[in-house]
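Look at the two complexes coming up: chain A is in both, with chain B in one and chain C in the other.
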Partner chain A sequence: MFLHQLNPTMKAFTIVIIVILLALIFDPITPSILFLTTIILMFVGGKVNWKRYFLYLLPFLLFAFGMFWTTLIFAKQPDLPGQTITILTFDFPRESFIVALALAVRVLSVAALSLLFIFTTNIVHFILSLIQQLKLSPKIAYGVLAGYRFLPMMKDELKVIREAHRIRGVNQVSTIRGKWSQYKRYAIPLLASAIRKAERTAIAMESKGFTGDRSRTFLKQFTVSGKDWLFLVIMLTLYAVAVYTSYSLGFLKLYDGEL
Partner chain B sequence: MTPHVTVQDLSLRFEFVERDTLSGISFSLEQGESILVLGPSGCGKSTLTLCLNGLYPRELDGALSGDIIINGKPTLSYKPGQLSRIVGVVFQDPETQFCMLTVEDEIAFGLENIAVPREEIEERIDDALRLVDMEHFKQSTISTLSGGQKQKLALACILAMRPNLLILDEPTANLDPIARIDLIQTIKRLKSELGFSLIIIEHQLDQWTDLANRCLMFDKNGSVFFDGSMQQAIRSHRKEIEGEGIWLPKVTQQVLPYVNDKTHDVPLTLEDFSREAHLWSGIQWDENVENIELETQDIFLECNQVSYIANDKTILKDISITIREHEFVAIAGANGSGKTTLSRILAGLQRPVSGTVFLGGKPLTEWNEGELRKEIGYVFQNPEHQFVMNTVYDEIAFSLQMKGVHESEIQERVGRILKLLGLTSYTKNHPFTLSQGQKRRLSIATMIVDEQKMLILDEPTFGQDAATNYEMMLMLEERYQRGTGIVMITHDMELVHNYADRIIVLHEGEVVADCRPAKLWQQPDRLLREWGLDLPIQVKMQRLCKKEDQYHVPTST
Partner chain C sequence: MTNWRFKEIVVLSALSVVFAVVYLAFLPVGKLLFGILGPIGYDLIFGIWFIVSIIAAYIIRKPGAAFLSETIAATIEVLIGNAVGPMLIISGMIQGAGAEAVFAATRWKNYSIWVLMLAGVGSSITSFIYGYFMGGFAALDTGYVIAMFVVRVISGALIAGLLGKAISDGLAKTGVLSSYALGKEVRKGKVA
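Our next item is the complex of A and B:
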């Protein structure tokens, strides 16, 4: 699939550019078009578990709606109080409505762009590509990868420690102070084992000849190809189309520090 | 020909430590030779590994003296990373040797480090996977592999780099017996195929001895007191070996009390033993006699049609078992058969999806947490998980204080336990600063101070050295004699044979056997293997002797 084959660094770069460009515009039409086209692009160019995708999108939807509603209700005095719009029998000034909508859709379009990256990129490939394209130090990159492996292990360990302490008869507390001291108690065994594990991993990595310098080869080589530029061009075109449409409809407005 | 590895008068001392971790070690190893390195835990065996692969002195906080010469050059003259082409190490813990997510990437990691060209990497990965018989796992995620597979992968990663010295640093300590034998077989095959030199650091010697007869024995002070064949060591240094807590092969342990003739070679393996079984007819086999009438004991814990499902996977299916008061029950079975889940449910730590567990006739769910803890104790695999206080004294006093026992009585009881554990001089230490064996003893002590009626232990011998296990079993035995029931998850069949009244075998979430150990050993070998069990050494030797008798009887009459 097209989106999955792109160079991860270039993909991230493209997404960041579009997000920055999007931040310059403050109207409801441009981000709406981008939001919809991003989702269509996911459909066409990516292989995605849709159930999971919408599950991830859900919190953003709720957040966007909350933002929309509060902005609408607590809007400042409109300049043109005459123009109103009716939602569910309530009248709202048209101007406030547009500001609220612009804010909400903005959140959604940024969310959709980020999800596009997250759902079509393998984290290991992303880090390897960062080493190869952006010259990230292997010391840091492989450290991050090893740490990434640790997270699920630590989660399991926390569960075991919790049970072990329960067996010792440490009372389950409900006060905030009690909870705090309880977590402090979990922290010592958890950190002690994390440090030991990290040390062992470091030794194992070093004894496989890892020195952290850049003179290494790669099994998975990442290069920037025509496809990546094509993706950048597609995204920029989408952006341009969105801005032009918004302009034609008379909505286009540059961002001016509104909230 | 110059030796492959020469170590001359090597001494090493860590910063802030008052004594040498390694002192005055000298030995040499020929190309293609194998050697076993033995010694009590903390004697510096693993430190030696890091000296040999060049990590020390580069990464060492401390001082090192003496020379290590590999392939005619001192290790210091190799550039960082260069030695990894010559020396490969497989470490003990299968969880912490990897830094990538998939099998393929992990093997590639080492090759990328030494700048093998890309085309060749692919080829070498396939080669290495073929050597350890894991071709089908090339694209697998490492976290989905079993412990044994992870160790084989660790081996493949090293083999891909084509070292001519392989160091195995307790590679089987965290594996179950079946996976252990599989790994050792693999190494044996590779050794004859590839002919590398081999340094094996181990606690449990069985199966290794026919791969390497020469052994290097360390004492507690980090110096070598013996270098030579195993047979010779048993003849001339038996006292020291026992004193240092070095574990001899199981067969040898069984036979040793009957050896009078000092010049005779003692058998090290079952094969050695079978060749001369007729010589050992005098051995008294421990029959594990029925010391208590089981049926007369009251039922303590009753498990009624318990099932457990997690993530759509059935872990336990309709388990119905009873555990009587003052019983020593072993729970065995292959990895993933549901042993740990069952033990957690018995202890009331997890709730079954369906079915009920009764304690004294009352469902566990109706027990109040505090009361339940006075009845059942649970010892976790890693002792550190259970420590909640900052000093050894407070650790033991903790549950007594929770119960509101009077301060003077606490002092008296804690004092008694500390004396029993041999930890009197450590009262003010933090539990985490104790040695491995001390931690294990302390963790059990914190559980038995309450005098619970039953103690559940989750693989307490896993990844611990033999001396620690021996001490632990002494403690448990004493407790058992005083009336505490014990339920232990274990892979150790010798332990089951020696101690357990009853063994429950789980296979794919179901109870397939629930009987006396002696009765289980009569099951066909094929079935036992399918359940992930191996016969205890005593039973195997006993059978060999019997076979021998039958063979000899007709000829002698």
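Our next item is the complex of A and C:
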């Protein structure tokens, strides 16, 4: 599977570039094309659980809708107030409508690009590749990996704290205010136990000879190969095609530098 | 990074992991407020997303703590998955840099409540500039954008600065921080 075999750092780099380039575009056609092609690319080049994929995409639809109507309402005074579009008997300036649509679709296409990264990248590989390609300090990288391991433990820890509170006679609450004060009561013990765990882990790692030295060797080597540059070229080509199509249809609108 | 103990780095990442989860939990809250109030809804609670830089810097008190913790928290958010993707790491770095700049201005010496609140404001400013370009705020009405900025600054000072200090002080009282700068200060009796 092409997308899964790419170098994680290069994949992240490529996606960040495309997202930055997208931020320069203020028309709906370019991000729409990019949104669809990203999903197609995901379909062709990745092995994905589609149900899970669309479940992740769903909240972004809601977010895009919020982006759409708020931009429509809070938009700047348009240059051509004469041209309007009617939605549900309300009149909106055509220009504001197009910008609102553009920002909403931009949310979706950025979401699709991000999911492409998340669904095809192994977390540990990403961090190991950051050490090897970006010269990230192993001290920080392994510190992060150790911290990341605490994540599943936190759920158990929360359960332990909750049960410890209940056994001492603190009852479960159902009101929102009660829930809030409950979380306030959980926060400090949860953080304290995380800090203790982190401390113990650090001492264990150092006692087993971890120095954080850069001259270490790796079981898994990551390199940047032709495939990674090919991915960058594919993504830039998709972007260029999207911009050109939008331009030919007369929709293209770039960020004009106004503040 | 040479004067950092490895222990401090792991504790910093553990804090970042906890707050990455908190950050993710607040995303739907932000989305809800956004849906009701428009983009300004996010700004109301934006301070929560800077809180780890304030807490980490206040506890560990070493150059880079604010920047690093926010960056790691953003990275963990990306790794957990339900987030904005690798771009988020960059916004985390920008937020962390805002708080770090304030601590740097005091030469990482002063951690009074005003400095902590100012650090929250620092993150508000840098994140707003970034959001202005990436979020397309240029398309919005100028008065509305100014209101968003003011709300975000207040949120940064109150939620990140004040709440961050309250959480750290609460933690210090439990004694787990005894080998870090904040815990040592508490033991000396400087902070009630």
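Here is the rule we go by: the second predicted complex is superposed on the first by the 213 of 259 C-alpha atoms of A that agree within 3 Å, B and C clash if a C-alpha of one lies under 4 Å from a C-alpha of the other, contacts with A are read in each partner's own complex, and residues count from 1 in each chain.
Note that a contact is a pair of C-beta atoms (placed from the backbone, for glycine too) under 8 Å apart; a residue touches a chain by one contact, two chains touch by 3 or more.
Fair warning: this is a prediction, and the values are worked out from it, not measured in the lab.
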Chain B versus chain C as contact partner of A:188, first or second or both or neither: both
Touched partner set for A:201, first chain B, second chain C, both or neither: both
First, second, both or neither for A:146, with chain B first and chain C second: both
Touched partner set for A:179, first chain B, second chain C, both or neither: neither
Of chain C and chain B, partner touching more chain A residues: C
Touching partner for A:164 - first (chain B), second (chain C), both, neither: first
First (chain B), second (chain C), both or neither touched by A:214: neither
Touching partner for A:47 - first (chain B), second (chain C), both, neither: neither
On chain A, the residue positions that both chain B and chain C contact, one per complex: 146, 148, 188-189, 192, 197, 201, 203, 205-206, 210
Chain A-facing residues of chain C, complex: 1, 4-7, 9-18, 21, 28, 31, 34-35, 38-39, 68, 72, 75-76, 78-87, 89-90, 132-136, 138-142, 144, 167, 170-171, 174, 176-177, 179
Residue numbers on chain A that touch chain B, as the complex places them: 124, 142, 145-146, 148-149, 152-153, 157, 160-161, 163-172, 185, 188-189, 192-193, 197, 200-201, 203-211, 215-221
Chain C-facing residues of chain A, complex: 12, 15-16, 19, 23, 26, 56, 59, 62-63, 66-67, 70-71, 73-77, 99-100, 102-103, 106, 110-111, 113-115, 117-118, 123, 126, 137, 139-140, 143-144, 146-148, 150-151, 154, 187-192, 194-199, 201-203, 205-206, 210, 212, 255, 258-259
List of chain B residues in touch with chain A within their complex: 50, 53, 55, 59, 80-82, 84-85, 87-89, 91, 93, 95-102, 104-105, 108-118, 121-122, 125, 142-143, 154, 157-158, 161, 344, 347, 349, 369-370, 373, 377-378, 380, 382, 384-388, 398-399, 402, 432, 446-447
